[in-house]
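Which chain is which? They are A, B, C, D, E and F, in the order written, and residues in each are numbered from 1.
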Amino acid sequence: MEEIKMAEKDMKLIVNGKRLDGRNFDELRKIKMEVNVLERTVGSAYVEWGNNKVLAGVHGPREFHPKFLRDPTKAILTCTYNMAAFSVEDRKRPGPDRRSVEISKVISDALSSVAVLEKYPNTGIDVFVEVLQADAGTRCVSIVAASLALANSGVPMKDLVSACASGKIDGEIVVDLMKEEDNYGECDLPVAISPRKGDVLLLQMDGNLTRDEYTKAYNMAVDGSKKIYEMQKKTLLDSMVNFVEGEQK
Amino acid sequence: MEEIKMAEKDMKLIVNGKRLDGRNFDELRKIKMEVNVLERTVGSAYVEWGNNKVLAGVHGPREFHPKFLRDPTKAILTCTYNMAAFSVEDRKRPGPDRRSVEISKVISDALSSVAVLEKYPNTGIDVFVEVLQADAGTRCVSIVAASLALANSGVPMKDLVSACASGKIDGEIVVDLMKEEDNYGECDLPVAISPRKGDVLLLQMDGNLTRDEYTKAYNMAVDGSKKIYEMQKKTLLDSMVNFVEGEQK
Amino acid sequence: MEEIKMAEKDMKLIVNGKRLDGRNFDELRKIKMEVNVLERTVGSAYVEWGNNKVLAGVHGPREFHPKFLRDPTKAILTCTYNMAAFSVEDRKRPGPDRRSVEISKVISDALSSVAVLEKYPNTGIDVFVEVLQADAGTRCVSIVAASLALANSGVPMKDLVSACASGKIDGEIVVDLMKEEDNYGECDLPVAISPRKGDVLLLQMDGNLTRDEYTKAYNMAVDGSKKIYEMQKKTLLDSMVNFVEGEQK
Amino acid sequence: MNIEEYLRKDYVTSLMREGRRIDNRKLDEFREIKIEKGYSSEKAPGSAFINLGDTKVLVGISMGVGEPYPDRPTSGVMTTNVELRPIASPLFESGPPREKAIEIARVVDRGIRESGAIDLDKLYIEEDKVWIAFIDVHVLDDGGNILDAAGIGAISALLDTRLPKYEDGVVIRGEWEGKLPITCTPVPVTNVKIGSNLVVDPNLDEEYARETQLTVTTTDVINAMQKSGIGVFSSEEVDEAIETSFKKAKEIREIIEG
Amino acid sequence: MNIEEYLRKDYVTSLMREGRRIDNRKLDEFREIKIEKGYSSEKAPGSAFINLGDTKVLVGISMGVGEPYPDRPTSGVMTTNVELRPIASPLFESGPPREKAIEIARVVDRGIRESGAIDLDKLYIEEDKVWIAFIDVHVLDDGGNILDAAGIGAISALLDTRLPKYEDGVVIRGEWEGKLPITCTPVPVTNVKIGSNLVVDPNLDEEYARETQLTVTTTDVINAMQKSGIGVFSSEEVDEAIETSFKKAKEIREIIEG
Amino acid sequence: MNIEEYLRKDYVTSLMREGRRIDNRKLDEFREIKIEKGYSSEKAPGSAFINLGDTKVLVGISMGVGEPYPDRPTSGVMTTNVELRPIASPLFESGPPREKAIEIARVVDRGIRESGAIDLDKLYIEEDKVWIAFIDVHVLDDGGNILDAAGIGAISALLDTRLPKYEDGVVIRGEWEGKLPITCTPVPVTNVKIGSNLVVDPNLDEEYARETQLTVTTTDVINAMQKSGIGVFSSEEVDEAIETSFKKAKEIREIIEG
């Protein structure tokens, strides 16, 4: 259990057409991105998204162990998602639990769908995601950070991975749920896409949505992802500019 | 603890010369056997024995890992005995406990004593036993199922393994204890033999038996095993007939 | 938690200038040493020190696993410190805990500093310490026993390792704390030295000591270690004499 | 992937280019579903043995008494565990649940939990005591699509489940209070992509040829979705999968409830 | 098995053909048994250090307070753990108890439990509180036949055990209520088959040559039996092993109790 | 050690012979220390992000309610855990805390515990209920000397920590009773020996060249010491390290408290 939910089931999540934190239905929380933030990784990124704080870093391509599981046709990309004990209000015991195993898998799957792994046969590429503060939507924040770190590492990618969740609260479809909305809402739909082609790389849902609500929510998540994509591109571009400027100094 | 035992210590287990389920002292519970019941194993068997339901299957001979533990003179046969969480009234936590480790070992030992392992040096033969419903005597049911599955897999065997338990209830020696008899009885003596030569392959006992009671109980268990042997032979024969008939169709 | 400490915080540890067991401030507990006490090790030792009883034994030099961690320039010496479940008043769960992992490491470090490991490249030397009864100061007793066992095994050593703790009780600096002194005292300072050169091989401290108290306590621990060194030498010498005498019989 | 697996995959893919499946099923056709409820009824309050083609899964329900979650003090608790037993495939290893088992368990769990299939509010006993429903999925023969088999088995076993009697702080084994209150029948349908086609209920050969997959669990609404595995869908493909999943779930629901 | 082990095995087997043992013992002769009760008496309520030939085992008893089993609310609890410490043999690895350690622990446990050696009914304290006797077997030097050494050590340590004082919900360490109530002295005797002979108390060389083994634990009746290892016995051999076990157990019991 | 590491080590050592460090610091000079208290303040009662040169460590404090130790029924409890996250170095592996992480955690813990930095007596709530302070050190980028970074981070985070409100047996999340009572500021200083010199705050290159190291944690007295690693100190070197540690701790304490 990530956090204890309070027993107030009839909490109103929409008041006067606005969400609890004053956002419109299609409005994202505040987002800050940065790459190249760690010294010991070949690529790294830091993303603040609402109250979420997530760090991602890449080691590799490097020797894959155990030997007999190596793939002679491509690198094996493994993402490890980890929450700091103090990232949630009720301390999380250190170490992987079932939830983090699942999130690690779906992020690994999404990144592996766009990275050109064929370039590095027999190796392993390890992407580490550290959730330093969690406030709903960590899997989308994590995949965005991981994708930035991977791009920053120089591993060639067919496309970036952008992600955003939508959901249903008080019967309305909204984008990018924060903690209270996630706890008391009726549905969560995280989506990750390769923004240039529009392919779906990650799609999960739990709650309840009619066929029509799904379409609306899906489109809202994709629209959110596209906004994220613009920020990701700018972040990577800025880092290159800084890099060039830094070199000239 | 496999199951919570009720606190009725003075429960009568023999009434008017009959056991609680109406059986005579030397009478086995109802037994049903079948082989070739799974698609992904090289040999398999299913045994219902009273309220026990046990499935056994064999993978291998196949590469043995880790390499440095391989035996260049023969295959290593490993049996893994496992109880489904819901096979007993009080849910059993999934995963091996000390009891199942011990039972796995004694079944491995018994099967290894009759299988011609020298034919497959450097390999491993894995026998899996799944207890789907448990009602006393599972180690005998398991060894009977495992032996059928191994025969069904085509691994050559010097003999089958037949098994049956006897025990003492209300001071009387009886064969094939069911749950209540096992819980409130004074002794349990599971025996596995190679029925043609009469060799003892498995022998365990706990409770209390005088020297004479032991002899009586041992003989009863061997007699039970011999009945089981007849059923095992018939089961294997029927499967071959079916196989031939099936081929002709 | 090694043992439950009683709630008597104002227990007097020094009465009439003497410690609870009648010792002077600079007096060690009774000590008994023996080597060559086990048959399956290449070297072994047994040390009784106050109420502590500790057995040490050495296997190796032998193949080191896993292969990729071998050191082609020297042997890897690993000490494993283990307390028997019944060695303390409140039963300790079997298996390594964080405390024993740390003690294993500091003993490994100390022994590795004097053993001529370069003589055995690619191998492992395993030193096992079994605490059979514990009564404060087990890390010093263990290192003394481990050093004797290593010497007994024939692995060449630049020097022995001698060890002794000092500490502060009722404001006074004393040597070799026993259980009550350790529980209610203000400080514990275990020291291990290579006695011929006087080098510090192990030094840990917890509690509180001023700069001057530290110097006094350190010197007391070194003096204790030197007494231990004399006993260690005598023990090894006696064992050689016995060995020669035994051969002549 | 060894050479045999590669050839199978190749064969499945080339057939699929002509719109054909290796066992001649239609693209949206399931294999035969056989459900034996009460398989372990002598010990387990609820159970169901599922044959989905030659995939075999046994699901058992255990009912225990424990503490509620602090945030829902009057609601029962459910938990789902999947064991990919090594007997089921030479490719499964012994040991603790791994990535794949955990993912299947969590997808099955979400379908049941989010649809409110178990009326957890009716599982309150007394202060700090509620019923815990343990859903244990035991995979015995992996002929492909174990996720759907597990999901079908779980809700079938729940529909079979009796609530034990509870008196004076003790569970009375073998005596029953009534049925476990079940409100609806969520059904997961897994759609796999092979070339440019989507098919349901892949057999083992089709799983080798699978590019990626999407599971959609529905009642009268969507309750859970999970894209799984490397590979991509277009949003049109996702829409198609949702349509198919609603349709097939309806058919399967009749088998489960029937 | 390396070449040295093979040669030892061969030598033991060929000697045995002439009815001789490598250390000249009679077939039913144990090595010298030395028992030091109270070895860890400063900390442990009961203990015994066993030398069986050059096999060394230390057994310690800890007494804790805990809950009874629900089905026996007024009986104490016992539990047996065996640690094959790596110091005891270059062949033992570090780590959690393995197959062999578990089997030994369970056979030792059954002998004590089934004979009723510990009068568990006298270990009741108050509602939901009973004494738990932890039997911890620490194997320190494996010169063969550690099972019998463990079993002899366990009952010796139990006979040495004092029951701690318990007042106002607290165990008073270092003060004692009396002795742990022990009713009888079960003794395991392990019979190994080498060629056509049965011998007791195998040393390490004989264990290499062993075909299979049978342990019989007796008081005035048989309380536990365990055939262990690959290989077979005839029923006559089993009978012989039982006879021998009764006889040797009687002799050993005198040493333990004496 | 690969060839690159060997060359670095060699370079560091040869510079040191001239009394120089690879980054031109004085022997007793720390790298720049940046402390951001309250980094995770939206969720954690206390936290601090530490940059020690390019070493990065985040420490978070969680406050839970639990049982006191039986021997100190009216005192709160503290516990320290260090996670060497694999993101921090290609040399760290995933998995449970290992030798190195445990040693660091225990040295950090001892400094805080033995100095009485947390006034545990003020963390009593009611019978059998006390506050537990969990100190979780998350190592994110290992540029050398993570022990000192962890220790500085731990006490900084404790100084940042608020005590949650506790009413009617429930912790009120997001409401605070006041600050966690902290009495002093223990600071660990790690001295490493390279050739015949002692230096503080080694960077990664200097750690390759390190012969052995001594950590001294001080307040106005010495509270903890730990020699770590193969290699030896003379007693004079130990004395020098203690002097240096007192001096540097004083400077660092001002940064922490400032």
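Here is the rule we use: a contact is a pair of C-beta atoms (placed from the backbone, for glycine too) under 8 Å apart; a residue touches a chain by one contact, two chains touch by 3 or more.
As the structure is a computational prediction, the values presented were derived from the model and not from experiment.
Engineer: Check every other chain and keep only those touching both chain B and chain F; list them.
Structural biologist: Expected: no chain.
Engineer: Centroid from C-alpha atoms only, then distance chain C to chain D, rounded to Å. What do you get?
Structural biologist: Chain C and chain D have C-alpha centres separated by 57 Å.
Engineer: Roughly how far is chain D from chain E, going centre to centre by Cα mean, in whole Å?
Structural biologist: Going by mean C-alpha positions, chain D sits 48 Å from chain E.
Engineer: For chain A and chain B, let me know how many angstrom lie between their CA-based centres, rounded off.
Structural biologist: 51
Engineer: Roughly how far is chain A from chain F, centre to centre by C-alpha average, rounded to an integer in Å?
Structural biologist: Centre-to-centre distance between chain A and chain F: 31 Å.
Engineer: Residues of chain F that contact two or more other chains, please.
Structural biologist: 97 - these are the residues of chain F that touch more than one other chain.
Engineer: Find every residue in chain B that makes contact with two or more other chains and list them.
Structural biologist: Chain B, residues with two or more chain partners: 4.
Engineer: Graph of touching chains, which shape: line, ring, star, complete, other?
Structural biologist: Contact map by chain: ring.
Engineer: Follow the ring of contacts from chain B in the direction of chain D and write out the chains one by one.
Structural biologist: Starting at chain B and heading to chain D first, the ring runs B, D, A, F, C, E.
Engineer: Please give the residue numbers of chain F that touch chain A in the complex, ascending.
Structural biologist: Contacts found on chain F: 39-40, 42-44, 47, 54, 56, 58, 60-62, 64, 81, 83, 85-90, 94, 96-97, 134, 136, 138, 140-143, 173-174.
Engineer: Using the touch rule from the top, collect the residues of chain D that touch chain A in their complex.
Structural biologist: My answer: residues 69-73, 97, 99, 102-103, 105-106, 110, 113-115, 212, 214, 219, 221-235, 237-239, 242, 246.
Engineer: Please name which positions on chain C make contact with chain E in the complex.
Structural biologist: Per the touch definition, chain C meets chain E at residues 4, 38-41, 44, 51, 53, 55-57, 59, 62, 80, 82, 84-91, 94-95, 126, 128, 130, 132-135.
Engineer: Under the touch definition given earlier, write down the residues of chain C that touch chain F in their complex.
Structural biologist: 1, 4-7, 98-99, 101-102, 104-106, 109, 112-113, 189, 194, 197-211, 214-215, 218, 222
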